[in-house]
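As structure tokens, the structure follows; a few thoughts come after it.
Every chain is named by a letter (A, B, C, D, E and F) in the order it is written, and numbering of its residues begins at 1.
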């Protein structure tokens, strides 16, 4: 049951970068409002956005042994995604592990558990979305798995899926759909720019989206 | 049941500005410790304070249609206050709606639900106090009301009430009492400055407030 | 039952400073993973670390009278640690009390309850770790105690214990063990520096810590 | 600011009894889905339903003095509704207070705070909906008010409003609307009985409510 | 995106019954500690256990339209499993829907959201595991899907998987593994009975499981 | 650091029984409102009260090895009290361990973590107060300690202290103070009976406790 899958497919780096630039809210909309992780995951830094390929970690509660195993599997541009097999807010990850991960080209961690050394992590520019901040250390006693499908903060993640993360949270884009999702995201971005200009000029959404008739039909009264 | 009240009274802008400068803690004290919203509302920005007139929104859970309706009712200096009719942490509001609201002179949102595009909102200087941050989008299917009395995060808000918000939270001042509250707030501010100087010089609150006798009467022992 | 202990022993200031520089995660590890307060205590500021001697306060819920009493007991370098006798998120502490505490050489507060005037507190450089931010004021009606043993956020604190606090949380070091803990912390710091260099150079934790054999014995499969 | 309103209007007892029999879910629907208290209020007993006239209590956190004051204001069939002025889970109420309240004809308490002696309260048949169970006692030091409008668990309550409470939670019916709400509730009850028979016989809601066309229009696909 | 899958495979009813009798704790252990839903799901009844085939529902927050659609898909012995697409504690389900579901042979609901009419549901013997109890009603405006894979309370559920639920919570057994899991569960049950007798007779787990040597090796000291 | 203290002092069984009969609320008051555990500990059974001598367990998160060790230390009338060294809601304890504990005369467990097999535990009459119910199993890999002082759910517990637990929660009475606390508890019980009769006869607490003068002095107005 404890396995490390060594060879995973990843999406095209240019595509990943574009998804990261589009941001969580836009990407989430573009893929039909699926793939969003729970809002209990919060960034430890402000005004930071990233996207990358998921290297997944299924770890026992309070045991970070598999993080060491996972780091060997990292490639440039990867993001580690860790789901404990039971709820746990202990500090699985700190500045030494981040140093090691960055040496392999990984720039971020998404974890439904705790991290520590947060000030150092921010200073290093290593992005973290976590459900807790805790100095409480973990043990290295029990196996887990690396690069198997996991459910992290309510979202299903397969290794190699694209992780998009920013101040709004974390969204998972299935690898095979990354291109199609980016197309829809681009359409949204293009449309938004025009709308933003009209709204900034004082036009109302009620008129731009032609809502007045339907509001009236449903029975809205102005008094 | 779904109504938009178009004509609401507002407090004097100069008075509103003074209440904003006094801040939440002082204003809350000045009006007898009433009107404070729950501490589950947190600002998405740091070191930011504002006051304005409430345009209230009662919205169904997961439905932000009424925000579009409310924007048409905004005047210079207003703050939108949204209470969902059932608990909900979805992202009702993002940068496009903020662009539209700012075009009408509104500079902040208080919402007992979620918002998204938080990085953009900070960059725009649009203040937000919310109970969640979530990229999860909403629908536009069910009516609510604008400018009716609402209970938001435990506080009763009438349209046109003065909303004071800063890093400590959000406080509601009933419009008719705004002047009287500001008078009491000013008295507190005046008194605090003198006390601050004495405390900074090393005098003790025990002496300034003459507490030693009452402490002794109640039975406090020094050992 | 309501007592103020006036004469407490404190650890050596140089030792306290070294513990502060080592930080919460390292100190917590060095003393066998004990003394950590609950992660519900969060700093109101970012990138701030401190250590000091605990002046403890046991206060009734919603009553901050004992804070005034405690301030008289403060010496240079102390940190106030307040535990309410029942859960409470009201704002026990604000800028006037901080002014008074700073005048006596105290630079931080750890409180399993709420604080207010947070913007001012940050501007003053007064560090706060609290379980809530709330403008809600307290009364001065009921006695508590100062410098008695308390349980704060799940950790036992004796007056004069060393409090170490940073972005990761708060850890308590019993005064009598401060020297021994710092020795172990120093050993960790020395070891970490060498490891950090090797990890930054691309060596793997799997090899540095010689984990491969034990992983294999436990049954980890690479596929 | 601390007042006791002695003379409040109440709804007709027979009407109150009918609202209680209709239950929270039906009454809440009948009045347009308003007036529901937060689901953080839970009953301490199972399979128990009641309705009565609200005697409201605004009490300081951790201070139950006003409960003693309120008991004098109770009439046959009243329900006490207590909202603390700041969040608090201490035990405001136990078997002695319940004995006193029952002697005046009151049969239940709704409280956005804690209670104790829960086993005794159940044995006495005194109904309680609370946000906490805690043995932690309160003081009698600070005034509050009785029979003023309060916001309890997110709902606005005026003295004399009808409180309906059962295993699903607590709903407030404004006194003046009690008759109209009961009419709509009765219509729902009448309609439900017929639907229940058809559903029990195996007919589908899809057909009874004629949903198939609209589902299809919206794009639902069967595969 | 909104689909209803009409033809799903189910496990053998006798096997399902045996899994239900084994119970959540045993089944969870037998399948390698996977498939457990979050402990935020709690039963509305006491001392009740069941197992059945999952009919899955992905529903928008605050919209129970798809429950009506799902009921048509129910077969004897099924359990409905509903995951909202965003967190929501509204009451999606009550006694009328339960009446309809029971008419089709369904005896239980697992829902990461709220239910109402809980007293009636208990009286009907319809089992419910939910994350909330709330009288708050839902709308019927937006489509979802039936019998697609969902993540419910942190666990991945495919339609036709076996749901085991009792007082300890809810566990999902993938349909294809149900036989193998039951074999391992049976082995545990057989072993437990012998151990229970030895433990009841006063033998210690320390001896039965031969732990003393390993405890000593790890350094446990008796003083 | 991992020790088992084998010889602990216990209070007199008759005294323990009297404390149990007095109940948590009365005992907590009698000892000056100290020793109460957090209200996050809830009983898994209803209408059940007990008292006993604490056998304490400090256990790593997700590791129940020390429970096996502790059971050997149990004597007739003991209650196990387990505090994990980091927050954890996994199921440390089930029916097999309860069988073993009962064979040694232990009748209850207080645990700031999870338990499982709750239906069986209720059927066996084994009392449990826990912060979670979860089928999630634990490992046996890391040592902890037995019969050392611990902080459990916010209360300091020494081995041999008297644990009093009922539907209201859990309270710790330091062994050396048990006699004095029971004296005060008895005085309360004696006084309460007389008050209960007067209150049941319709006398008001306002008069029995002579509160009217002080209420008036503080400024309470009747209108």
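Simple rule for what comes next: a residue touches a chain if its C-beta (ideal position, glycine included) is under 8 Å from a C-beta of that chain, and two chains touch if they have at least 3 such contacts.
Here the structure is a predicted model, which means the values were calculated and not measured.
Shared contact partners of subunit A and subunit C, listed by label: B, F.
With C-F and B-E as the two chain pairs, more C-beta contacts join B-E. Residue numbering at the subunit C/subunit D interface overlaps substantially, since over half of the positions present are found in both copies. Computed from the mean C-alpha positions, the centre of subunit B lies at a distance of 31 Å from the centre of subunit C. Here the CA centre of subunit C is 42 Å from the CA centre of subunit E.
Residue positions 33, 36, 39, 85-87, 89, 134, 136, 142 of subunit B each touch two or more of the other chains.
A complete list of chain pairs in contact reads A-B, A-C, A-E, A-F, B-C, B-D, B-E, C-D, C-F, D-E, D-F, E-F. Residues of subunit F touching subunit C in their complex: 1, 32-34, 36, 38-39, 85-87, 151, 154-156.
Residues 2-6, 65, 68-69, 71-72, 89, 91, 94-97, 99-100, 102-104, 114, 116-119, 122, 132-137, 140, 142-143 of subunit D are the ones that touch subunit F when the two sit in their complex. Those residues of subunit D that touch subunit E in the complex are listed here as 23-25, 28-29, 33, 36, 39, 42, 46-47, 49, 166-169, 171, 192, 195-196, 199-202, 204-206, 209, 211, 215, 218-223.
Of all the residues in subunit B, the ones that touch subunit E in their complex are 60-63, 85-90, 134, 136, 139, 141-142.
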